[in-house]
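Both complexes below contain subunit A, partnered by subunit B and then by subunit C.
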Partner chain A sequence: MSLRVISMDAMGRFVASSRSEYRVVGPKPLHGQYIFGDVESPDDLHLNYTQTVIPPKKYLFPQREELLRFKSGDGEIEPVFDAPPTILLGLHTCDLHAIRLLDRVFSSGHVDQHYRRRRDNTLVISIECLRPCSRHSFCKSMGTLSATDAFDLHLTDLGAEYTVDVGSEAGEALLAKHAKTRRATDDDYQRLNTALAQKWPHFPYRLDFDVSELPSLMRTSYNSPLWKDLGERCLACGSCTNVCPTCYCFNVQDEVDFALSAGRRVRIWDSCQLDEFATIAGGHNFRKTRAERQRHRFLRKGQYQTDAFGLLGCVGCGRCAQACLAHITPVDTFNTLHHERSGGAARPKGGAA
Partner chain B sequence: MSGTLIETLGESLYLPQTARIRDVRPITAMEKLFTLELPSGLTLDHNPGQFIELSVLGVGEAPISISSSPSRSNGTFELCVRRAGDVTGALHRMAAGQVVGVRGPFGRGFPIERFRGKDILFAPGGLGLAPLRSLINQVLDERGKYGRVTILYGAKHPSELLFKDELAAWKERGDVELHVTVDRPDENWTGNVGVITTLFARAQVYARNTVAVTCGPPVMYRFVLMELVGKGIPDGNIYLSFERRMKCGVGKCGHCQINHIYTCQSGPVFSYAEIKGVQEAL
Partner chain C sequence: MSRPKVAFFDFTSCEGCQLTVVDTLQTHPELLDAVEIVQFREAMTEKGEDYQIAFVEGSCARKSDEERLARIRQQAQIVVALGACAHLGGINAIRNRLPLEAVVNCVYNENGDWSETHPYGRPRLSDRLINVEPTAKPIEAIITVDAILPGCPIDREEFARVTRQLLQGSQPRVPDYPLCVECKFKENVCLFQRGQVCLGPVIRAGCGAICPTYGESCEGCRGPISNPNMDSMQSVLAEAGLTADDLLSRFSMFGTYQMMKLE
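Let's turn to the complex of A and B:
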């Protein structure tokens, strides 16, 4: 589909107009940080933002989600689908890559209709990252500094205007209905290419090896002494997985009304870093130590997800590094393993010093 | 409604169907056998070794092996459940006539078609007899298709032996070799004393044509495997059924992962050849 151009003003009107049909969600400032929240007016538009604390996955896979409602006694149960038409606006490309992974996870094997219903009612508008958004991010090393095909529309900031790359028919229809755009000219293409070319030097490479080696590196790192070291530092708080755009492990539990007459089954985010995550009745814990759980987390990021879904389980956003009080970071972890194998010493690059 | 239970997940993966408790039979102080009936028109259509997710609404859900064999379905199926916590505790307080929720059957059961013509050595420990009973009864109901059948069963104490009447019936048959042992005897016990591995010396096997099947508490596998491998049974002919924490049964929630493997999807039954090199498996 052809490249379009939209002015800053038209962007505001686009949001205002879309709100008649969609819940529009985008980055908003809060206490000196950014979070994804409802964009209620064009004044709420902050597309030039630094990384949000929590990724936008919360709109596709909420922290707490009702799956079923039931009445006690007669056994009447019904599934709950809460999937309002939504526009996720202004996603950085790491978060876009993360959605691509979630799409695969929840659509492979048994299709998860609760995720799928939300996802199918969601339009994703991503934005090209022209400057690093966090001192912890390492998207360039992870190959997530460009958009992947999960978007409906993809914006690039050219100063007073955005180019709009149309990624789907739904995106094209949305644009046609709610936005005033114009076809991109040769001059626009040139300005876009200049912006894209100029951005790369601003982003550091933070892995000391090529990311295509990551799965094989992890495969040979099971017995690394590093896991013990991480295990001694880790507080088992679960912050790293909570802020991660690609983590989706969950717990399921029932909640009952005070009268005990009705209830609901909800799923809530869980964390493989918590002590009881792999404990079975009788008390046997299959990953008893923090070292084993850290290893599981990083092997999942660097190898297991590629084995299972063909995509890396880490998109290099750096949120976990930002969140970890013990200064455990994927960059330092991966680099240390790499240097263990190749014999050199790792330089700390995790930005956590 | 008509069709199989698994087909009802088309609307929501997490939506259980109601099943009525037809019968509750205490087996030991900790275990009860529940006979459940699906709504008319629905069939369970399971393989031995598969499990269901059992719901007590308002309390939660737990994975439970189907303990009855497909050959004896009659529109009902059986679960042998140990009282271990919230869901299983609530189930133990329920009576015939009440309803529970069921989803499934899930997972990969035993590849029984590959057992045809083979000698089969069963080695259940403790509650591990619950899932193996489904396979054992299936094999016994089509006895002619298999070679020698040997069952080595170990429990902690005589009071913890499951399915005592069935054990007696198996012994009676004459075409099954059954050895039972307990870790700690009581005053009336006249049988074997010792852990399950002490029984292996009694089992004569022709290793090349033997399939071994084991299920029990996590600590048991290493020791039983040593015996089985020691007898020369090929790794690919040794089948194990694993327990892991599970919250969904459909390969999403992450709790049951053994390294990269989702136990609820690729298991709970694995051949030893499949999981030998998987570090977190044993």
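Let's turn to the complex of A and C:
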């Protein structure tokens, strides 16, 4: 749509003013990393941040969420929606791509009303990454190092000012109401172009092949000996999926009160890496071994999601690689499969560029 | 609907889990409308012997315990192991690696042979050890256990939930996945990233990862998950600088009984 410019000071006032209407959440420092949390004041703004422990997905699809309440006597059922107007501030572009996938997943077929309600009440303000966020990220290889159309506003840090790319009417209205901005001049466009051009050389390509080959690579990797190796190392701890911005598996449980007369239905994040995940009625587990579960995970990331939703299931944020104590990473996994197939020499483990 | 009769029993333990139950009865008073407590030494004087659900706290550590456990099993339709001592053997089992005399010396020093506070004055060490079993055991080593409430102490919400499930007539389910799951839900920065170590990847979740949340290593009080990857866990800890001895002592705090069974 249009490009505007906002000063650092005006940014702080924008946040303070928006808080009268919205819950504003953004990255905040914690023990050397960051987590998304409530931005209470302009001092809470940390837009120049490295990767968060878990992605901002938690505001659209929380770890634990009440879906409905029921009474057992008259069979009364009431859905529960908790979707306060929210601004997700400072999303990196990998997380933006992930939300684009979640939007498709939760809105296709049987529309997920709980996700949809939150998403419709959420404005997304993303920010351009000008330097790599961690040694584990590989967004450049995955094609997620620039914005996709899921944002309402998109920021680029030009030093004393940000450019603001307006991506939606809602974003435009938000700016008009709460922020003091000015229209971008030719000079601003020039500065933006320079910043964007200069950023790319700082990011390494970490896949040894072009990402467009990934789905086909995964299709022929079902019987790779790699899965057994990963299965031996994997702790089945679920950290890789719990920190992943594109994972969306959940479990649904009913909780009843002591009098057994009323209760609530909740959904909780689940993980395909846990022992019990694929256990169905009767106790049969159709993915018993850690090797089978690792294979499933990577096939989902590299192939299944493209087949089903037209987008890759991995955005290269590197969170899973950071979280995995057994050092199982998508980069090593995909590269090893690639070299197995092409017969070339595999790169050493841990293969940061 | 008549209320199910419930009894609480204690064996070798610190009574912290029973205290958590007392606490839960105050935060969840609805519980008292749902069950009838007939025996609970920590909270009441009556000792009813007619009960359907028995919560058993403490390890089996004395010779006389076995018979008492068998009687409880005979009476109760459902036996629940309450807390790490009953569930795992726990802290009490640390002594299993040493001869009893050495344990007494370790705890009471050279004064081990007498005790001012002992009700019968100063019995000889050998007399006092007559009723003590050389190994402290989880109660499931003696009787069948229908449900567990892990932890040192137990988790209040889990106690309430498991009790609700028992009242519903369903098999209570406690998590059988690693602590890391709850730790990530809380969005903690992993202790390994902060230069510390943690047993979370092989320990049963359910406490809300309370120790890592406060910056402390999980010591494993809820016991291992049913299918832990111990080899990989050992490599992770070794990479973090732990020696084989460190490893052993880490797992010994609550897991001595289980480790000795594997040896």
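Just a few scattered comments:
Note that the second predicted complex is superposed on the first by the 343 of 353 C-alpha atoms of A that agree within 3 Å, B and C clash if a C-alpha of one lies under 4 Å from a C-alpha of the other, contacts with A are read in each partner's own complex, and residues count from 1 in each chain.
The criterion applied here is as follows: a residue touches a chain if its C-beta (ideal position, glycine included) is under 8 Å from a C-beta of that chain, and two chains touch if they have at least 3 such contacts.
If you're wondering where the values come from, they're calculated on a predicted model, not measured in any experiment.
Of the two partner chains placed by superposition, only subunit B is touched by A:110; subunit C is not. Contact with subunit B, but none with subunit C, is seen for A:250 once the two complexes are overlaid on the shared chain. By the touch criterion stated above, A:242 is placed in contact with subunit C alone, subunit B being left untouched. Contact with subunit C, but none with subunit B, is seen for A:269 once the two complexes are overlaid on the shared chain. Judged by the touch definition given at the top, the superposed model places A:180 against neither subunit B nor subunit C. By the document's definition of touching, of the two partners only subunit B reaches A:222; subunit C does not.
By the touch criterion stated above, A:260 is placed in contact with subunit B and with subunit C alike.
Judged by the touch definition given at the top, the superposed model places A:202 against neither subunit B nor subunit C.
256, 260 are the residues of subunit A that lie in the contact sets of both subunit B and subunit C, per the superposition on chain A.
Of all residues in subunit A, only 30-33, 35, 53-54, 58, 63-64, 232-239, 242-243, 255-260, 269, 271, 274-276, 290, 322-323, 325-326 touch subunit C in the complex they form. The residues of subunit A lying in touch with subunit B in their complex are 67-68, 70, 72, 75, 77-79, 81, 105-106, 108-114, 222, 248-254, 256, 260, 263, 265, 267, 270, 272, 277-282, 284, 286-287, 296, 299-300, 303-304, 307-308. Those residues of subunit C lying in contact with subunit A across their complex are 28, 30-31, 33-34, 161, 163-164, 167-168, 176-178, 180-181, 184-185, 187-190, 192-194, 200-202, 225-227, 229, 231-233, 235-236. Put simply, subunit B touches subunit A in their complex at residues 9, 11-16, 18, 57-61, 82, 84-85, 88, 99, 101, 217-219, 243-245, 247-248, 250-255, 257-260, 262, 265, 279-280.
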